[in-house]
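The following blocks contain the structures, represented as structure tokens.
Here chain A shows up in two complexes: once beside chain B, once beside chain C.
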Partner chain A sequence: MNRRRLEEKIMLGVISLLAIISAIPIFAIIINIYSEGLKYVSLSFLIDFPPPPISGGAGGIGPALVGSLILIGLATVIGGAIGFFTGLYLSEYSHTKLAQYTQMFLQIMVEFPTIIIGLFAYSVLVAPLKRFNAFAGAFALSIVIIPYIALNVREAYKSIPYTLKEAAFSLGLSYPKVYLRVLLSTAKRGVLTALLIGMAKAGGETAPLLLTILGTTFTYFEGLDQPINAIPLLIYNFALSPYERWHQVAWGASAVLLTIILTIFIISRLVVKEVKI
Partner chain B sequence: MMMGKKLVLVVGLILAVAVVSLSLLLGGGITTDTVTTQTVIQTVTQKQVAGTINGAGASFLNPQMQAWASKFYELTKGRVKVNYQSIGSGAGQANFKEGLIDFAGSDPPLKKEIYDEFQGKSGIIQFPVIIGTIVVVYNIPNIETQKLRLTGEVIAKIYLGEIVYWDDPLIKELNPDLNLPHEKIIAVHRSDGSGTTRVFTAYLSKIYKPWKEKVGSDFTVQWPVDQLGNGVGAKGNEGVAAAVQQNLYSIGYVETAYAYGSGLKIALIRNRNGQYVIPTEETVKSSLIELTKILPKAHEDWSKIFPDETVDPPGLKSYPIVSFSFIILRQDYDDEIKVALLREFFTWVLTEGQKKENIVPGYYPLPPEVAQIGLEGLKLLR
Partner chain C sequence: MSLVEISNLNAWYGDKHVLKNINLEIPRNIIFAIMGPSGCGKSTLLRAMNRLLELNPNAKVSGQVKIDGIDVYSDKIDITWVRRQFGMVFQIPNPFPHLSIYDNVAIGPRMNGLVKNKSELDQLVKWALEKAYLWDEVKNDLKKPASMLSGGQQQRLCIARALALKPKIILMDEPTANLDPVAASKIEELMLELKEDYTIVIVTHNPQQAARVSDYVAFLYMGELIEVGETSQVFTRPVHKLTERYVVGKIG
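For the complex of A and B:
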């Protein structure tokens, strides 16, 4: 008896320790990024153009920040619309062959290397239009996030008790009313979380942007058919340079990006707190 | 039942399409706005045009381009926006070929195939805008910077794997005063396709025949030292600089700005006249005196001359691994505003832009004769 207790205790201890260890990197990253980057962040840092490497002012990440917000917004709208209805279909018509195959493909897509999606966007939206453009970037990002949104929306709808659906249909409501009014009001937290996860994913991706948006220095937004910048792309370019000032901008930009992503996650946590039926 | 299914699908599809087209419309609206503002400014300042030109290419050129673009943005009060993105010379040339960018920056001039393709079509203008140098860097704890002396032949033999240890007689002979360690040399090189590698290997090919026969010169080459397990590949100038910093007893080659930026030790290299030199204003100037006589015109093919003929130039104090960075333009653009912007910006780059206050440390300005090549070339722009 005693020995069993001891074994249990040891086991629990080891597992808890491992759990703590696996959570350490996230804290290490947050502390590292903020301690290195926060000191460069100011209002003008959020607005100004990126600086030249040596002379001139301190500069900022204005075009990249604006670009990132536009790309996140657009990708969430496109990816959200498609992902939501796909998820709805997967949940409500899960018995159909189409739904089963779609779900399988979406699960593969989650694991897809995002650089390949960027290459795809390049070949269908950059090369034929003869210009790097913001829409190609948003398109690539929306493809990246569709499977995340669809699969999470599916979970949200799946979790609704069947009785509620039955009740709604028994009132003689039409399908759109049942799915988009009655059930959505129940599943909305789950759906919102799905969209927020998609947003965070879109905000942090670099690879799909490397081949699509080119990047800008002195322009915030000149149309969806023109190049645009994004924070991950700016970090990638500046962190690799030999100049101290560009490294500082990259650190500051990392702190801003991390703040955006953490904010989205905190909102999604608050949303999820409790699902009331 | 079937009706309902279809309805959900159709509604979904319509919504998705509506959302996408709405967002496109929104973007389209804003684009028109920019165009109208551009024309307004155009009429106010008469001949002067406003707008953005997009370029991409060589990472080596990037810091200098950003300095120029930023200065020019200030000078024109935001009228001319030059957007240059560092994606590498190879990618820059490829994107230029596809017509995705207005101009390309490249360490080597345009490849022969691409140059030929543009002949009879929109034509090519290519000219040097800045001079760079490649330095050999090392990491030996007890040897200070600018103390180690090397020759092209010894460097070639290290990368061939024929010289394995730092205290090899061939290195000792050049450095009788240094206490060289009996340690294996880790030879760091670029793993990605790179203009720096192209120029560096052109130098080794020119100076040491066996290198030319066994390895040759290209954006990427098969490094014999890798087969012996003493080679390390790294991505980008910054990657090589980092690899040399992290590996004791290593050697590498980087663009000068990266060597200074990361505080690496720089080797003295023997030039044609037996002088041991590092890049300075004086040694680079000396390298360029003879070089300028053999350079082609902006509309001609440069690929034969550069870098194979331009490395290891004559001149008493010449630094041997000098390199140009090129700007590549088409002769024909179907957009008049772009032509005016390109002409205005690059004319400034080749004149005012070459003044000391506009040059980033680690780069060297063009001699007036070389800048003239570009200025002549810009006349072909239409």
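For the complex of A and C:
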């Protein structure tokens, strides 16, 4: 083996090792969360109110789970609709100044500290109402996920071959029919992936919720104008508490949250895989 | 009156002038070839007729295109109506790959509301596939995705898709350029059959193909219409020196 070859081998070895090292945290996190948290998870854990800090039953995360599902659903509907049409616009009107600037702003927004988005939602939807509320949380989460969805939807539509677009228009179809029916069915996997990425993001964010939903512990859902809870927020609050019992609930909630996120992630992978066929 | 009348047609991409004052009449029930070397503006000319050119935000058009005496660029006209009058077949076979063979043909009439019910649609799909010489090959696979067909079959499926809208004219942009010779000659045969009922405009960079299939031919060179006439005439006694050089293969 000559020297060049040897150098190449060493280089490859070092790079591979670094790649493995960088993947360690994710496995460490998954193992850590499940080994600490899974033992507290049961059906009643998913349904029940949290336990009192000192005595009483094991309790659960019912209100936070319900709250998270409501917030994820609402944010995905609002953020999904706005993000989808924005992405479609970015793809089809990419030659316009408006689209170019919008895309630039969205790329900046992806990097925005989400606590700032929470603060914004607080100032427009919480402070005026003088009450923390579920809608403010969904609103903040929507803003967080819009850029992710829009940029991914843009990619999905951009990837459609021009010749298919021409084919659709040559059939004398209107713009809505071409984009929302014919081409959407071509791009549906990319669009679905975009929505799933948004959902995962909405499910995992804590910062936008700190200043918007408050985090009720003993009510499931009382209306969009009332406070609710969410799993990431519950983890944050309970983990910081001095009570051992609440720490356990936080671990269990982490295992549930991780499962939700991983499930969304796996679905989106499966969806992406099918694209290649 | 000719089926299509083009007068003073100009087209630009940005500042680039690609069609220069084209005047052309396309009679009925014939095959009309537009030939010329690559880049001379053939595809642009076809797309200026059915207004598909407007999908390109840089494209500009001036002049007039009439079909059956109706100006397709008139302010009052519905662009989707215009496009339905021109069936179009493209250089790369482009069926919707995720749709079934059936749906590829059905999508136009269905989405344009041209059929009343399922059985009428079934009939129309069958008719179009038969017209495109494809029915016998696919009649048992109608629910399968179009992507499973061979290139030649996909192109005939695209012809069926265009026919299903009952257009007045069929525009074909180098329909055989991406096919093997056997598949290509099948398409040529099909064109000869279709001209009984239809007018076909075929764009080709291959003068032999124009000679084989067309009744009339136009020679386009660098955006200008050099010569138009009956195919036999143009190939045996070209008026213009450039045309002569092109048909013997010295240009292109």
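Basically, the second predicted complex is superposed on the first by the 274 of 277 C-alpha atoms of A that agree within 3 Å, B and C clash if a C-alpha of one lies under 4 Å from a C-alpha of the other, contacts with A are read in each partner's own complex, and residues count from 1 in each chain.
The definition used in the following text is that contacts are C-beta pairs under 8 Å (C-beta built on N, C-alpha and C of every residue); 3 or more make two chains touch, one makes a residue touch a chain.
If you're wondering where the values come from, they're calculated on a predicted model, not measured in any experiment.
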item	value
Room on chain A for both chain B and chain C (clash or fit)	fit
Residue contacts with chain A in the superposition, chain B compared against chain C	B
Which superposed partner A:Ser174 touches (first chain B, second chain C, both, neither)	both
Which superposed partner A:Asn2 touches (first chain B, second chain C, both, neither)	neither
First (chain B), second (chain C), both or neither touched by A:Ser22	neither
Touched partner set for A:Val126, first chain B, second chain C, both or neither	first
Chain A-centred angle between chain C and chain B, computed on Cα centres after superposition, in steps of 10 °	160
Which of chain B and chain C A:Leu224 touches, first, second, both or neither	first
Minimum distance between Cα atoms of chain B and chain C in the superposition (Å)	7
Intersection of chain A interface sets (partners chain B, chain C)	174
Of chain B, residues touching chain A in the complex	4-5, 7-9, 11-13, 15-16, 19-20, 23-24, 27-28, 30-31, 34, 52, 54, 56, 59, 62-63, 66-67, 69-71, 73, 78, 81-86, 98-101, 236-238, 241, 257-258, 260-262, 357, 360-361
Touching residues on chain C, where the partner in the complex is chain A	50, 52, 55, 57-58, 80-84, 86-88, 90, 92, 94-99, 107-108, 111-112, 158, 161-162, 165
Residues of chain A touching chain C in the complex	95, 161, 163-174, 177, 181-182, 185-186
Chain A residues within the chain B interface of the complex	49-56, 74, 77-78, 81-82, 84-85, 88-89, 92-93, 126-127, 130-132, 134-135, 174-176, 179-180, 214-219, 221-227, 237, 240-244
